[in-house]
Structures are given as C-alpha cells and as structure tokens.
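Heads up, the next two complexes both have chain A, just with different partners, chain B and then chain C.
Moving on, here comes the complex of A and B:
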C-alpha cells in the first residue's frame, strides 16, 4: 500500500460518508415513519416523526394482549397477529426446505448426468417460469379445489396448498444450484464412484458438503419469496386463523376505516423474520450470489 | 460445460485434481448406465410438481384463450378460434390485439421496465461502489440497505400509498412545508404523476437488491489491476470505465435480465398503488382485470397468453444470445 495518502482522499472519504448517510436516511425514512406510527396513540396517519403521545396500544394488540386505555376502555386484540406470523414462518420454512431438496437433487442430475433432452428440459422450465403467478391463480384455485376432494390437507384453505403452489418458482433455483455444481471439479465424485460408491453416495457425501454456501443462499431466497408472497395466499386462504401475515395485515385497512396504527405494528413484525435472517446470513448471501450469479 | 468423459481439466478448480483416476472403458460405461437410471429418479419428483403448479395453469390458460368461457359457468364453453385475439366483424376489429387499452398496457409495462430497471441499475452500481470501499460500520450499512427488500411488497406498497396520499400524505406535507409545491399533489391519481410514483416505489424497493448483486460481483475483482492503475496514476473515473465496468459486465447483465423479466410481469406495486387505473395499467393488471373483474375467462386468457408469448420470446432470445454467460452447455 502507498505510504503517503494523497490529501484529496480525506475529502473523498468524507464525501462518500455523507453520501452514504443521505442514502440511508432516504431508504430508512419510510420505515422510521411506520415504526413511529406503531407507537402513536390512535390511528392517525399524519404527525411528526417522534410520537407526541407515545403509547404501546398497537403493540399490545399486535402481540395479542388486551389493552386498557386511559379512559378505562379495554380493547380486545382484533386479529391473531402472532398466529399469522407463525403461519408465515411455518409455510416459508416448509416450502424453502422442499424447494431446496427438490432443486438440489434435480440440479445434480442436470449438472452431472447425461441424458437425452436435458437442455430442452432445462430451458423449458425457465420459460414456463415466466408465466406471471397472478394469472395462474384461477387455474391453481380450480386445481386445489379438485385435489381437496381427495386429499383434505391439500385442498383450498390449507397451508399445504400454499406450500405446493410456492414450489412453482423452483426453476430459477435449479439454474442457480446447477451453475454452482458446474464450478466444482467432478473428478472427486468420479473417483468415489470408481471406488464403489453409488451415485447417491457421491452426491450426498461429496458434492453436498462442498455446496453449503449456495444451498444457504437458495434456502434464504426461497424463504423470502414465500414469506412475501401475497396474491396466491390471499386467494387460497380464507379463515382468519389460517392467514399469513402479509395477507392478514390487509385486514386492518378497510375502506374509510384505516387502522394505521395496528397495520404499522403488523408491518414491522412482517419485516422482522427476513431482517433477522439477513443480519445472520449476510456473508453467505453475498458470497453465494457471486458464485451463482456469475455462472448463471 | 462439456459432458464428455473423461472430463477436461477443470479451469475453475485450477486443474489440481490429485484423485483423478482414469477408469477403464467398461467401468465407465457401467457408470454411465447407472447414472442414466439415477438421473430420472433425481428428476421425476421435481418434474411432477412443476408440471402441476407451473405447467398446467399455463396450458389451461392457452386452451381457454380459444374459448368463450366465463367465470360464472366455467365448465360450459365453446371453441371460438382466434376470436379473443383478433376478429373482423361488421367493419370493425375486435379482440385483445385490437384493444387500445391493451396496447396502452403494453406501452406502460415497457416504459415501467426500461425506466425502473435503468434507474435501479445505475443507483445500484453507485451504491455498490461506495459499499465496496472500506469504512467502519460497513456491515450495518449493508444490512440497512437491504431492509426495503425485506418488507413484503404488499405491505411497503400500502405504506407508500399512504405516504403519497393527496390529503394527509407525509410527502405532500413535506413538499408544502419546504415550499416546493403550492398545493397538495394527487400522486397516485394524477395521470402525469402516477406512473412516476409507481416507478419511485419500485426503485426504492428493488435498488438494494441490484446493489447487493453488483457488490457481489465487485468483490470478486482481482486487486492487482487496481494497484497497477494506482501506480500509473490513472484517474478513478477512467479506471471505472476501462477496468471495473468491463469486468463486472457479465454478472451485471445476468442481474439486469432477471430484473427485466420480473418487471415485465409487474403486478402488485401497480395494483396496490393505483388499482385498475388505465394510466399505469400493466399487462398483468389488464389480464387480471379481464379474468377476475370482468369474469371473461376466454378474453383474459388470450391477454395472458399474449403476455406470456412476449416474455417467452425475450427469454428465448436471451438464452440464445447469452448462452456463453448462462448455463454454458446450452
């Protein structure tokens, strides 16, 4: 490294810090507003950033605790927000695990095995994926309606249906994992197979342990996609206690009666799982996306 | 990647493979037969699921686009050929392809895609370049950048819809306070403003993701070119255009293409902010309105099919043009 830093560097560092700060303020301002609303008494949208009468009323209600106001009136929590959060997390985890399992095994086949029509299958999957999910809603509704007559946990208004529907977005993950597998030297597995290992053993004990970074990334991306999904869940789920948080939070916003305070508390809760995961897994996300992104 | 055996020396792994063994031909063919059988075992569960939840809805939509089915009685319908797409009747053209609203939806979608992805790419690049510099608290800044992406779109779109509200929205309040505008603007209903409001919200939401992908590419760059450039005293702007940009271009292109394909299908941001307004209606919003609100399954399916064809053509041309970057063996 250069021993003498040019004087201009100092100003450039200062400028980039200021730029960064301004940028963070712009990014975070709407979120700070939401947090502020969730601590404000009443359901008024307008007001200053620092609540004038801070109150925990919306948080009490969001966490399912009855709230007694200063006037002595007790409000019961209108919606099971924590249950919605639990539903969201449950659906997202199960669907991410299934997506990971299915896309890893098929990516292995695409990356390591030779069979007729491979390129065709890979490309058609990607093209099928391009059909907007909103427009397949009607067809999927009919599909799960039919399935529900035979398999009750996979019919309408079940979490099973939402999970299966979320598997439709798998093709991109298969491409990502396949790209990563392509970058791993295959001679290790070949040696194992020559030494008598089965294909499954070569996959399970040699390739998988080498691919942990990309598997973490795909798990997180699949988790995020499912937990944020709205159109499908809003059509398939009906009962209040079955909703996901993204769907349920909308119940606070009726025409002419927007319960902004309660909505804000639910919105903060809805961003929480992903933020926590991000803080934990940042390193892997950046590293894994690099590997997946460059190779495709 | 080539699939010929024995595998060529892998450039990615640096060609160091101490365990490389050359099996005799007979063993290799036994291995290959065993693999062929295993290949389908590995693939079938995934193919079944995709056929049900991705393939079937698409096929059904294409089928219904040639019928006069309606939502109220979906089991009884007749085939009508291409009538939903384009038909000449009594001296006038009818069908999706003759509907000016559809073409304005196509134009809106293209405008939205080009402008929002353009802004997101440039902003994402600038942010990634700044984040790539060493400074204290970088991890926290990076996490903060990602938060907009972590909030469900439906929630953040509602949030923005309220901030942009014409009567009690905070944006109008601030702009009025600063004296930049004389009276409250109706951001989401004004024909000149609503598309820009939608683009602004999308940029707010998606720029962090572009920045993350660009940052990932930047961190892969070898540091020696930069040291050489520094020793030679080359201006940083020149270094960026001559060294950095060409090196990250492949990764950047992949990110841009995936964003473009995503933006062409845009639905929730537009629907939440401006409902079915024609000024901002995208192709997805148009098709959904025909399908669900007007209950015209045949016509809505035709619109969905055209939308799918447009995106599929773009995807195919990308796979064809970019086969060096993606997949490899494609």
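Moving on, here comes the complex of A and C:
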C-alpha cells in the first residue's frame, strides 16, 4: 500500500474500472457477435446480440449433419469442418511430438556439451528463425515436388509434407528448452556419469524427468503453432478433404458464396477448444513466446 | 560411495536414491550388446540406401541441385553417426538438418531463383524442354486409313482400308487394357457385321489410346472416328541444338539469353526453359514503371503498417499493463483473462470473423454504424479505409502480447521509485515518461524489433482479411493497396497467371536482407550469451 496517496485516488480507481470494462466490451464484441450469429437462421440475417429466433441450423451443418428447415428444404453441410479439424489435430500432434523429441535432444547438447561451432549454430538459429517461410514458398514447393516424385507420402498435397515442413521452426523451442536445462544444476548428471552412466542415460533418466513442465509447454506451444500455420499448408495442400482448418475456413467467406452463419458456427466449434487450451496454459506459453518474440 | 555421500550432504537425498535406482535398473548394463550394435548399423544402412536411391533418382532426372542437397545431408548424417568425435553433434543433427532443409536451403534456393527467369512459361530445364518437344508427334495427312471394327470372341479385329493396301489386326482385347497391336496386309475383309458408329463412340476412350504398328514399324493412331493415320515426330534435333519442325519445315534455334527456341523471325516456341538472367529482375523493379510504382507504394505501406502496429499495440498494452499493476485495482485475474482473450483465439479465425463483421453489405459493424450515425464506410474498396481496418484488426490481435510483455517488465521496477516521485508530487504521466519508459525500453527493444519484423511479414493477416484489395491501378503484376511486400511476392508467384517466380524471388531476397539486418541488430541489442 502506497504511503502517499492523492485525494483523487478513489475517482481514478473508479474511472479505471469503468474504462477497462468499456474496453473489454468493445474488444469482446466481435467474439460475442460470432457466437450470436452462429444461432441465427440463414446466412444474411441481421439482428440483435441475442437472436430472437434461435436456430441450430448452422451447428448441424458444422457438425456435418444435413439440416432440414421448417420449409422442408434440406441443406447439405457445405464443407467437412470436422474432417478439417481432425486433419489439423493430426498434423499438429505428429508435428508437436517430432518437434519435442528433436528439440529436446538438441537442447540437451547445447546446454550440457561442448563442441565445435556451438555458439555459432545457436546464434544463427536465432537469426534464421526470423525469416518467414512465406518468402521461400516457391523453393519449398519445388522441394516437395521433387521429393514427392520418389517418396509419395512426402510429396505435394500430403499431410506428411506439412508435418515435415513444420520441423524447420524448431529453433525457438530449442532455445526455450535450453534455457530451462541451463537452470537445472548439472551436478546431478555429473554424479550419475561418475557412477558409470552414459551421457544418454544421464539425459534420459535424470534430466528428462526433471524437465517435464517445460516439455509440456513446448508440446502445447508447438501444437498451437502448427494448428495456426497458414501459408505453407495453403500452398502444399490442394484437395478439399486434405485441408487443415486454417486453410479451409476461409472458403466460407468467398464473395460468390458467402456463408456467414455457417462460418460462425464452424469458427466457434473449432476455435473454442484451442482458445480454452491457450487460456489454460497461458502462463507458461507466454514465457516461451516472450523468449522468441513471435505472434502479434 | 564417496560421491553419493557428498550429494546426500547437499540435501537432495530423494534424488540421489532415484539416481541409484535408475542406474541399477536391470538391462542398462547389457545395453551394449551385439543386437543393439547390429540394429544400429542395420538402421543406418537402410537409411543410407533409401537416401542413395533418392539421390540417384534425382540425379537421373537432372535435378542436380536437389541431388546435391540430399547428398550433403546424407553424407553429414553418416559422418555424425559414425564418428566418435562428433558424438555431441548426433544430438543436434536432426534439428539442424531440419532447419537446413526447410529454412536455409529454401532461402538460398529463393535467392538463386531471383537471378533467373523461372516462371510459368520458363519452368523446365533446357534438356527437359528438348525432351518435351522431341516427344511431340503429329499425324500425317498422306498415310491415312479408314477403319472398321469387328467384334469376335477373342477381342476386336481392325480392318484398315488404305490407298495402296488394306490391313487387318489380330483380335485386340480393348476392354482389358491392350493398347498396341500389330497390323498385317491382307486382301479380304473379316467375317461378320462391323460395329456401328454408336458402338465405336462408346469405345472412343480405348481407341484414342491405341497404337497400331505396321510391318515396317510405322505407328498409326486414331485420327477421327472413322480413320487411323501415321504418327511422325514433330521435331528433328540437329547437332548444333537446333530443331526442325517436320510438319512445316521451319527451323528453330535455341536462344540461351531468354530461354526459348526461336525461328528466324524471332518467334518463340513454347515451353521455354529457365536461364540465368543476372540482375534483370532487380532492374525491372527499379526501372519498369508498372512495377516500380506499385513496389514503392507497397514498400512505404509495409513500413508504416509495421511501425504503426508496434506503436499502437505498445501504447495500448502499456496502458493496460499499468492499470493491471496498480494495487488499488481489484479483480485483476478477471481483467487479465478478458484482456488476453483476443490473443487466445486462433488468429486465422479472428481475422476471418473481422472480415465478415466489416463486410460492406451484411457486416454487423456497418449495421451498427448506420444505425448510430447513418454511415456505411466502404471498408474493402476504399484504400484509406481498408488500411484503417487492417490497423484496427491488427491492434486488436496484437495488444495482449505487448500487455503481457509490459506486465512482466513493470514488475521488475522497484516500487519505491514511484513512492519517491509521489512525494515530489508527480502525476501518472510524469511517472510514465520519467520512470517507467526509460526503465523498460532497454529490455523491450529486442522484442519490439522482433514484433516489427513479424508484422513487416504479416502475411496471414493480409491474405485472410483483404487479400491485398483494393488493387493498385496501372500495375502489371497483381498489386493491392493493402498488400505487404510479402503478400505481394506471394501473389506474383502463386496468383498471377504468369507465375513470375523469378521476380517474386528477387523481391523476397530484398526482404531477406531487411529481415537479416533486423535480426542482427536484435542479436546485438539483446546481448545473448551462448
């Protein structure tokens, strides 16, 4: 509690509360609006924030169930949203597992071993991390085109390609895990090595069990980043049933085929789980993100 | 034993026991058994064999750059996993290889493309173009046969009636995928009724793929529903690389300056091949007015967009962080969660939500504005309004990140500084500019630069929100007033019909330089120790 307080403090506190509440209302308007729109019937309906005639039409379609309206007309789901969500989750889980495995072992070497070119590699990883993959899409496209001629499950229009391409973005995670390893006293592992353990055993049986929290964070971080990845997936994936959610979702809002209500339901359905995961893990995620400075 | 006692003395008894237990775990001692060694070398051999197959296949297709890439990758993998000296590198190899393959190689390859005319019209290599042209055929008008088809128990029998001779084939199993058949000269027609035109039309797919081969090796293919004709190669290759069109007699010479086969009048033959054109792409950006104009407009907008985003998000984030740090405010957890909500929603969803809300005709924002003020702004067709919209959306997306950063940094400022300033009668504004900002700007700087670089290349926002629209008038490549440099290159490469990869790569190289400079500055500022 501050020792010196001006008389106007009470009013300032009140003003701050009011200001922040007003700000939050404005900020949340788009999100609340989308939830509201997902319950309106039709794709062009206007109305108040609380829909007068709530309808589950868009939710049926988002869940892949054909919807029969009161006029007896049956609408087929326009896009396989659940399939897209499944594709996204599949790609993100496999990517996150691979990223976690590979960046943990790398981080271990960077944190505990001495070898030629260590400082150089670490610094160049930080520099290259800032180059957006969008700019080398032509090259990535050509690369996967070539690989795909010989290894079909890694070619264009495969999930394998998207998964493998996501491995390019590991530097951030390596730095995050390395930072955590640095904060763990290395005398434990040294003791184990003196007792006859190999380097690998010291890593596997001593350091890893102590680092579970950071591994969880990196897994979630890698998962979310892969789910949200747009440019590479948009070039590598072509078929409608192969798209990820990030690439597919925009098809709802084409000028010629504007499905605003259907989009709203699909957006809430697919965005909610990711939002909840993020909010739940935000404390750790923010720490990891501030280390690399991406997003926003 | 000695060491264990020492560790116990430093009060980590539990962990010491854990180590002892794990180390005495059965099986660990026998890890160096023969099976493991065999498994290890076997796996390595399989991987190397697969990699060599890929390299040879790429080499055979004259894809030397890619063959080289995988050769380097495989060689370093073998070196790292065989050499005892490079033991530490085994741990980092997969990650470094991933970065090399998917970040550094594409980067260098892109820089390389920037010096070529690689585009939809010049996609192949010289050899591939030659192969493509030499594999082309045409049907001669001179050697032509009318045909009739007879169905027999063993398959379809062809009867070809020519000017000089008549030919017939053995039964061809058209329905079972037989696609070539020999034909022999005969005098008499086969027995039975020929197939009607309707039945022939039903077989047109199979017939169009069929090749009939005469005694002297001439190939015939279907020329019309009623006739077969001889196929000739369209081009003949000469020793000096020139090609003669056998049908028209025109000779084409390879032009390695522009990557096309050209006849005497300079008319080009499609497709062309990729050639090195030096700095032409860069010169084009500087000299061609239909590219220079849009390029500089987009460049200025990209810079102002990135700066404005950083300033707006920082101002808003810092203000909110200050409020949330204030001891007098209650319900901080609630405010914090609500305020970072825009950050938690996946960006690709919230951007599309804004796209819908800002829609000029059905969007809720225009409905509200019309109800309140009678306004219907053209968010997507007026350049200034479109840019305003983009900044609004990006501030919405980006302020929580800045707020979280500032909250962390504000906590590190000693409280008594504010006490002292309050004693001296300073207000919040004074505090902000004389205490808070000077103290947080230094640790914040690298993060602000990173945020600048990120927004400089904020492709997803533009691609999903406006797609670059409204367009810049008079541009020869697709260019929009809200395009950032990065979405501009994407559109040149992937959305234009010409797919000018070379030009796109040249602009991408320029962006690489900007990003590279920024990240070097960042590395200096953040004083990272490795």
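Rule of thumb we're sticking to: the second predicted complex is superposed on the first by the 246 of 296 C-alpha atoms of A that agree within 3 Å, B and C clash if a C-alpha of one lies under 4 Å from a C-alpha of the other, contacts with A are read in each partner's own complex, and residues count from 1 in each chain.
Keep this in mind: a contact is a pair of C-beta atoms (placed from the backbone, for glycine too) under 8 Å apart; a residue touches a chain by one contact, two chains touch by 3 or more.
Nothing here was measured: the structure is a model prediction, and the numbers come from that model.
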Report task. Considering only touches as defined above, state whether A:186 meets chain B (first), chain C (second), both or neither. Result -> first
Report task. May I ask you to decide whether A:170 touches chain B, chain C, both, or neither, giving the answer as first, second, both or neither? Result -> both
Query raised in the report: Which partner does A:206 contact after superposing on A: first (chain B), second (chain C), both, neither?
Result: second
Query raised in the report: Taking the superposition as given, does A:267 touch the first partner, chain B, the second, chain C, both, or neither?
Result: both
Query raised in the report: After lining up the shared chain so the two structures overlap, which partner does A:146 touch, if you call chain B first and chain C second: first, second, both or neither?
Result: second
Report task. Give one of first, second, both or neither to describe whether A:197 is in contact with chain B, with chain C, with both, or with none. Result -> second
Requested in this report: For A:9, decide between first (touching chain B), second (touching chain C), both and neither.
Outcome: second
Query raised in the report: For chain A, which residues belong to both interfaces, chain B and chain C?
Result: 2, 13, 16-17, 19-20, 23-24, 27-28, 30-31, 33-34, 46, 102-103, 105-106, 108-109, 113-115, 119, 121-123, 125-140, 142-143, 164-165, 167-168, 170-171, 174, 187-188, 191, 194, 199, 224, 227-228, 230-231, 245-246, 249-250, 253, 258, 260, 263, 267, 270-271, 274-275, 278-279, 282, 286, 289-290, 293-296
**Report entry** Partner chain A, residues of chain C touching it in the complex
**Finding:** 3-4, 7, 10, 12, 15-16, 18-20, 22-23, 25, 28, 53-54, 57-58, 61, 63, 66, 86-92, 94-96, 98-99, 101-107, 109-110, 113, 118, 313, 320, 323, 326-329, 335, 337-350, 352-357, 359, 362, 364, 367, 396-402, 404-405, 408, 418-419, 422-423, 446-447, 450-451, 453-454, 457, 459-460, 463-464, 486, 489-490, 493-494, 501, 504-505, 508, 511-512, 515-516, 518-520, 522-523, 528, 530
Query - Contacting residues of chain A [partner chain B, same complex] - result: 2, 13, 16-17, 19-20, 23-24, 27-28, 30-31, 33-34, 45-46, 102-103, 105-106, 108-109, 111-115, 119, 121-123, 125-140, 142-143, 164-165, 167-168, 170-172, 174-175, 178-179, 182-188, 190-191, 193-194, 198-200, 224, 227-228, 230-231, 245-246, 249-250, 253, 258, 260, 263, 267, 270-271, 274-275, 278-279, 282, 285-287, 289-290, 293-296
Query raised in the report: How about chain A: which of its residues touch chain C in the complex?
Result: 1-6, 9, 12-13, 16-17, 19-20, 23-24, 27-28, 30-31, 33-34, 37, 44, 46, 102-103, 105-106, 108-110, 113-115, 118-119, 121-123, 125-140, 142-143, 146-147, 149-151, 164-165, 167-171, 174, 187-188, 191-192, 194-197, 199, 201, 205-206, 209, 224, 227-228, 230-231, 234-235, 245-246, 249-250, 252-253, 258, 260, 263-264, 267, 270-271, 274-275, 278-279, 282, 286, 289-290, 292-296
**Report entry** Complex contacts: residues of chain B adjacent to chain A
**Finding:** 1, 3, 7, 10, 12-13, 17, 19-21, 23, 27, 31-32, 34-36, 38-40, 42-43, 45-47, 49-50, 52-58, 60-61, 71, 74, 127, 130-131, 133, 135, 139, 141-148, 150-156, 158-160, 162-163, 165, 168-170, 173, 204, 208, 212-213, 215-217, 219-220, 230, 250-251, 254-255, 258, 261, 265, 267-268, 284, 287-288, 291-292, 297, 300, 304, 307-308, 311-312, 315-316, 319, 325-330
